[in-house]
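Paired with chain B in one complex and with chain C in the other, chain A is shared by the two complexes that follow.
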Partner chain A sequence: MSYLEYNTQRMPKGAAKILHLNWALVVLLVAVACYGFVMLFSVAGGSATPWMEPQMQRFAMGLAVMFVVALIPIWFWRSVSGLAYGLSTLLLLGVEFFGSVGMGAQRWLEIGPLRLQPSELAKITTIMALAAYYDWADIKKISRPVFVLGAAMIVLFPVFLVVRQPDLGTSLLIAAAGGAVIFAAGVHWAYFAGVIGSVAGLVVAVFVSRGTEWQLLKDYQYRRIDAFLDPTLDPLGAGYHINQAMIALGSGGWSGRGFMEGTQSRLNFLPEKHTDFIFTTLAEEFGFIGAGSLLVLYLMILAFCLVTVLRTSNRYAALLAVGVTANFFLYFAVNTAMVMGLAPVVGVPLPLISYGGSAMMVLMVGFGLLQSAHVHRPRLPT
Partner chain B sequence: MKRSDREKELSRRMITRRALGLGGIMTAVTGTLMWRLRDMQLEQADAFRLLAEENRINLRLLPPIRGLIHDRNGVLLAGNEQNYRVVMTRDDAGDIDLVLSRLQKLIALDDEAVARAREDMMRNRPFVPVTVAERLSWEEISRIAANAPALPGVTPEMGLSRIYPLQADMAHVVGYVGPVSDRDLEGLERPDPVLMIPRFQIGKSGVERAEEERLRGKAGSQRVEVNSVGRVMRELDRVEGEAGETLHLTIDARLQNYALERMAGQSAAAVVIDVASGDILAAASAPSYDANLFVRGISSRDYNSLLENEYRPLVNKCVQGMYPPGSTFKMVTALAALEAGETDGRERVFCPGHMDVADNRFHCWKRSGHGRVDLVAALAESCDVYFYEMSQRCGIERINAMAERLGLGIRYDLPMTSVASGLNPSREWKQRTRDADWRIGDTVNVSIGQGYVLTTPLQLAVMTARLASNRAVLPRLIRDPLERAAPQAADLDLRPEWLEMIRRGMSNVVNDRRGTAYSSRVTEPTMAMAGKTGTSQVFSITRAEREAGIRSQEDLPWNRRNHALFVNYAPLVNPKVAVAVIVEHGGGGSTAAAPIGRDILLAALNEGRPPLSAYPTSQRNRISAEQEALSERLRDLGSFRVSRA
Partner chain C sequence: MIRKPLRPLARILKAREQGENPDYIEQENLRLRRQELRDTGRMQAELRLLLLALIFLSGFVLLGARMGLLAATEPLEVRAGLMEDISGARADITDRNGRVLATNLATHALYAETRRMVDPLRAARELGRIFPDMDVDRLAARFTDPDRRFVWVRTQLSPEQKQAVHDIGEPGLMFGPRKMRVYPNGRVAAHVLGGARYGEQGVRAAELLGVAGAELYFEDRLRDPAQANQPLRLSIDLPLQATVTEVLSGSMAVLNARGASAVLMDAYTGEVLSLVSLPDFDPNDRPAPPTSGEPADSPLFNRAVQGYYELGSVMKAFAVAQALDEGAVTPDTIIDTRGPIRWGRFEIDDFRDYGNEMSVTKVMVKSSNIGTARMVQAMGAERQQAFLRRFGLLDSARIELAEAARARPLLPDPWSELSAMTISYGHGMTTSPLALAAGYATLVNGGYAITPTLLRRDAPQEGAQIISARTSAQMRKILHDVVFEGTASFARIPGYPVGGKTGSADKPAPNGGYKEDAVLATFASVFPSHDPKYVLIVTLDEAVDTTGPEPRRTAGWTAVPTAAEITRRVAPLLGLRPVSFAEAEAKFQADLRAQ
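The block that comes next holds the complex of A and B.
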């Protein structure tokens, strides 16, 4: 695919591009972000500081970034995919050697005043690199082992580096989003069956290795798994967070306990209530109406992302959009499953709602790329 | 790379198909999440809501105010005093060592207390207040308040703690309170949750323990909202508790104080009973101890010195002490013989100074013998042979029955600790416990209050009251201040002419020249007294000792000497008060116990202080000097009187 290919077809130019954005998606994103603002206001005890205000500024910045990325032609992004991937991998290596330790893991890289979380960046760049790879590869050959190995290398290199930080949650998310792109590209389903089979084998190995010299995970990770499997086993220890989260969530009922009336969050029974566990506060204070409607909004975002995927005939753009969609889906699915006791506690924020800069920015860049794919989709001449 | 249109179409179809597949998976997963959310929020909402409430709300108990204990005239025997204490919170203190060392400069605080406070703070969560010092004076509290800025985390607090204003006077009767121990909780089916309050105090002995339920009151409660670390955020509501009941004892604190001081320096006990009502007016066991020591936490040195004291201050000898009654038992033997019809009382028995029974020679205390004595003379002069004779005529079973009728060998249900039943022996009892046949010698021994028979001073006082009133007087320690008249005890149904003889004999003990306690007579007619002395043998002087020159009791070591007893009542007409006194190893009843019994009885009849006019003129100089010396130690109860009951 080249510039020429696009040029032969009708394409909006200049400011007119704005009209061709996936506006429904923009509206949905703003709606979800507003849920976030309300909740951050509530968990701060009815105060705009310290969380809601910065979050609004970030979201505004994120929207601006999204528009900028969206207006830049998709073929530009295709051509810098390799570069971006290389850069983010370098940053991950930088974390490996110079990163600062936060929450027991090296996750941030400080460059001057900038505080970067390269693992978040790697989520997008890995998707970009994979999309570009499959755009480049011969469609008939992609199911050959060599080509699959190439794609696997692209995914597993950053995954390996992120696991070493150690950040199991993010690394699994990168791997899963990468897997979604590889799947969409059309690689033979037998590979996926093989991967799923070996993952199951790995899970068995993880449990079997526990307590031996070659145990595969850190002790705290095992404890998290234990807590996930039976939160009531140790209600004041490893299972405490998930237990309290479930109590908050369940006690919301149909319509919730009322804005800023959630006892679980107000009395500090909830951990990380402004970040990873914010969904529980939402569920506690606004009940099934609040939490369920958020899930519906998320589902609608997925639907409009898929519209973009389906409407572009461009292979790179479509695969990129699949990756962004899968990435977004994984965020909210893992986070909500975690607080509902369906998944182990891994550090995954609730997209667009949890307080935090890096994740928000990377998400908005991702949506920007998807919008760019939407705006710059090949159109048949009329 | 350049692709053919066919390839593009292939790619597009593949992506469309697989993207829709992925979309399907995503929708399914989201649906599952939705289902789970619905299940938790709609199906299980109530269960989770309950858990959230349990998380949030903490029920705290407010300790009730313990009931007061008054004497019969409204003198406070057990009260609650405001107790200033200092609590400290680790969270707010910061450098606890620094704050503690500053505190040490302001108030008396030994290193041990500091170490304990430090340990308590480290063991508890940082926001839990820990008591550093208790019972501070107002000056100390003011000093702490003035230096508050230098003492972060330190707060003065006020609570209530038990106090016994009369200190040692009432220790054996009222008892004391102490922190709840595991032993206290043992055997309680459903312990009152208030007992779990840290530092809650429970009755450990005496009335405090026996009437714990009434004195404790009902705990109030306070519902507070707590956060995840247990810090109280706000009070939701509060239910005030109910203070414990105020108890009115039958004790007259002034008389009790007099009795204790009168027996000071001796190991002795005295019980004073109101003949009409059975009210225990005094139950003094000397020496006593300060119950406040136990409330505050007695030091092991003090405790050991109480334990090792051979006068056993911790024992309430009035109800716990069991002694052979000696000659004070002779009224029982006499009445048993009278009732059996074995004598008419006027019959005279010859006392040669001894009697041979079944190859054993039983001596009278008077080796030369009393000659021919009737019942009245036998009591007055305490002739042993007369009772040896009578007991053989009527037998042990009749004596046993009469003893029980007069209140001996019975465990009275009084709110005191370890009330003993004494021992009223019988044929059956000996068979059961000793697996031996009752012998005639046993009966002869019992007839003069020796051998197996054991009584407590309380029982002797009850016996005396029953003899004085011909009613089955029952002792009691707690009275209803509103009661109009004391309940009248059942008729004892002893024939008046028998009792008349017994009373005449007892009167002659003190009022007849030949009486054993003539020197303890009372000359004031309105307080005229009757009594009976007793000297109970603890050890007999052995042959070896006799050969070594030990002839009299004074030559023996203290703990081998005889117990001295005296029971008495007054006035002779319409008796009001009965007294029993025992002086452990005091020697003879007439010399060691009778003067005490007389003084206490006179005090009981005269508002707690014996009137000098009641004594024989020849004794007044000596008595007056004694009273002077004693009056310095007596307590003025004016300040302890709270209300006139």
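The block that comes next holds the complex of A and C.
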């Protein structure tokens, strides 16, 4: 049963593929992006520059890229998964050795006029590689330690390189999205129990190592953890972001202060108000109703993604879609949890809304892959 | 696991019998098995996907709930919980005409966030150069202590110091805005204002708290955010206060006094226009309370309010007023002043022998102990006690100073007849100069009770009538006569008739009895005497006039000239018109006739 798919028996070909895209998802993505434009307009003090216009251009470009990726058959993407993964890993290594330092961390790679953030790219390529790996592996053998080790290597290598940059937030996101794919692939429960247990152990180790020779994190990362645990401890230092953000959220109330009326964000109390902390502006100006409706939009995007996952019987496509979905969810959840004081402050943008090029492009490529999986799903003869 | 055979023998044989190729059975079974495997795998995968979806959903629910919680929270509560809630606000204090007595100055505190420091040792060294009183080693130790994130370095910086610290270029050294309490007039009105200190300190502000005087008494009013921009207006008049302070400190130096105090009060409104206690201090740099010696000798001690002394003959006015008010005597009644009066082993005598009998006015003019003792004897101890109580002389003086309520008069217990007699001339009971001022105000203002106040008010106090207007008029005349015929001749100021009563009380010795050569000299005066508007009390502690052939310690030689000099200077400032002696005398006669 379908409204759009009048011919479900056959794989669409050529331009007809466009009709078979998941159009509801496209509409939702555009809606969220528009929400973002409005917010960028507002935080610039009612001006299209410096943020809204470039963001619109990027989104338009991202949308085009998504369509192109969607129209290329999913089996092509499966075959280039390994290549893409290898390339992104090389770029990460490039950052390690030649990267430029921005805001205390090496994250950018400059190739001619292009400024690349390979860690963003690694998010999607890691998922692609994992999906291809499980498509290749015999389903009966995937719970064997050797096979699990292989998957772990695929995830942990980029994670390790990103941690070295250092960018704790992105590395955790890569690891978590990878974990979701491995979980969906059907690896035995015991491995996950083990990982969760050792993560708990690692957290303890991180705290124990503080101030010793083998300190695991940088000082600023510890301060962020401290500030997360008690934001009042250091209201002007590491706790500053979160305190200001929560004041903004609280002052929004149920219906908000009104468009362009947010004081916290307008008066520059909030750092990175156009990137990582844009959600606070949104919540302050549109209140719980505005923030809640964004939440609903995201939930709908997630639902359509999961529908795509369920409808394809292609293992690679399904796992890839799971990874893209998990990645999207993690972006959103970690960002909002962070500004609402539920998670430590790690640099994670709000997907489709925060100002920023690399993250948006990678996200749209991910949605393109998901669309490709949707368009090119195997049809069962009736 | 029992596997279903791909080629079940029974079916194969049956197929062979029918002449069919048995391989199709194997193919069909293989297809079924694959489908079954796929279905179970699919089911498992869907289960896991469902679980993932559930995790996503619970994430959304959690975020939504948190959002709702934050939206429901009042932003002010969030602020209160997360930000420092320290207010450095404190209203200004002005004199009665709006001249600033206490105000705030913006300044900065210096603190260090040790984790942001680049070179703590160098910073400590440089700070030591800017602030020579700082212990560099100790500072360095605190800067490098790994357990410390935060170090207060200095509570107040001058602009020059701030620039110097800024020039060190150490990012960990930070400035916190501060309000600093400033008393621009220095020592003038020090005891009235008291002083201020820092309370709880934060990075953005520090509490300013009063430590004494009006600053402490009006703490809530001064720190009330709603009235922060509204200065507290006192009754003090700054030029008068400065004048009184200047004259009094000059006298104190010339007469070698240990201390001195003066109270200038409006006789009708009870407003204290000037309140001086010497030695004084600078409230901008309030000294620490003394740890040794007499607390009453400390500059912090407010002699006019906290100092309860046996004031001597100035108290006679109350005995005479009572006798007049109760109708026992008139100013011309003749009193038996043969002395000494013997009471057990105690003996009451006069300074000199003034003869065997005197009129009531003469008793005051000559300051006869025997005369007042006789008058009080006639009325009794109980009535005297009740009379003095109505004047407020048996309780702590009520005034808007934090110290006032803590000091109490020393009263005889039991209030015997002998006590009553000694109290009639100012011994055996202590009184503060401020309470005395209020009492004299009542004596001359028509008999209305006065509660001293430090707040400006323009209307007369509607106090209870304690003595009759007639008694008050008689008292005015008697006090006038004391100056013009008696012990206070130095108070005769051309154009400004003064009335008053002197008191030269022997100071009590620490082991009982009285000291030989230590006198507390008091002059309680009212002016202009024919229509008194102001009360001026001057006390000098152990003042000695050495200009004569032998040292003179009585009030007539010390407190009276001092008070006269004050009156001479302040009367024009108060807008009083000079009058002739005849004019004053006419007013007296008119007042007495009117009763």
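Following the convention adopted for this analysis, the second predicted complex is superposed on the first by the 372 of 382 C-alpha atoms of A that agree within 3 Å, B and C clash if a C-alpha of one lies under 4 Å from a C-alpha of the other, contacts with A are read in each partner's own complex, and residues count from 1 in each chain.
Everything below uses one rule, namely that contacts are C-beta pairs under 8 Å (C-beta built on N, C-alpha and C of every residue); 3 or more make two chains touch, one makes a residue touch a chain.
Quick caveat: nothing in here was measured; it's all calculated off a predicted structure.
Enquirer: Evaluate whether chain B and chain C can sit on chain A together after superposition, giving fit or clash.
Expert: In the arrangement built by aligning on chain A, the partners chain C and chain B clash.
Enquirer: With both complexes superposed on chain A, which partner does A:Phe183 reach: first (chain B), second (chain C), both or neither?
Expert: both
Enquirer: Is A:Leu295 touching the first partner chain B, the second partner chain C, both, or neither of them?
Expert: both
Enquirer: Could you say whether A:Val309 touches chain B, chain C, both of them, or neither, answering first, second, both or neither?
Expert: Touch partners of A:Val309: chain B and chain C.
Enquirer: Can A:Phe147 be said to touch chain B (first), chain C (second), both, or neither?
Expert: So A:Phe147 meets neither chain B nor chain C here.
Enquirer: Once the structures are superposed on A, label A:Asp138 by its partner contacts, choosing first (chain B), second (chain C), both or neither.
Expert: Once the two structures are laid over each other on A, A:Asp138 reaches chain B alone.
Enquirer: For A:Gly211 in the superposed arrangement: first (chain B), second (chain C), both or neither?
Expert: second
Enquirer: What is the contact status of A:Asp219 with respect to chain B (first) and chain C (second): first, second, both, or neither?
Expert: Second partner only.
Enquirer: Looking only at the overlay on chain A, choose which of 2-10, 20-28, 56-64 or 452-460 in chain C hits chain B.
Expert: 56-64
Enquirer: Under the contact rule defined above, give the chain A residues that sit at the interface with chain B and also at the interface with chain C.
Expert: Residues 139, 180, 183-184, 186, 246-247, 249-254, 283, 287-288, 291-292, 295, 298-299, 302, 306, 309-310, 313, 318, 322, 325-326, 329, 333, 336-337, 340, 342 of chain A touch both chain B and chain C.
Enquirer: Report the residues of chain B in contact with chain A in the complex, numbered from low to high.
Expert: Listed in rising order, the residues of chain B that touch chain A are 1, 3, 7-8, 10-12, 14-16, 18-23, 26-27, 29-30, 32-34, 36-38, 40-42, 44-45, 47-49, 51-53, 55-56, 225-229, 233.
Enquirer: Where on chain C is chain A touching in the complex?
Expert: 41-42, 44-46, 48-49, 51-53, 56-57, 59-60, 62-64, 66-68, 70-75, 77-79, 81-84, 113, 115-116, 146, 149, 203
Enquirer: Taking the touch rule as given, give the residues of chain A at its contact with chain B in the complex, in rising order.
Expert: Going through chain A, the ones touching chain B are 1, 136, 138-140, 180, 183-186, 244, 246-254, 263-264, 267-269, 283, 287-288, 291-292, 295, 298-299, 302-303, 306, 309-310, 313, 315, 318-319, 322, 325-326, 329, 333, 336-337, 340, 342.
Enquirer: Would you tell me which residues of chain A are touching chain C in their complex?
Expert: Going through chain A, the ones touching chain C are 139, 180, 183-184, 186, 211, 219, 223, 231-232, 234-237, 243, 246-247, 249-254, 283, 287-288, 291-292, 295, 298-299, 302, 306, 309-310, 313, 318, 322, 325-326, 329, 333, 336-337, 340, 342.
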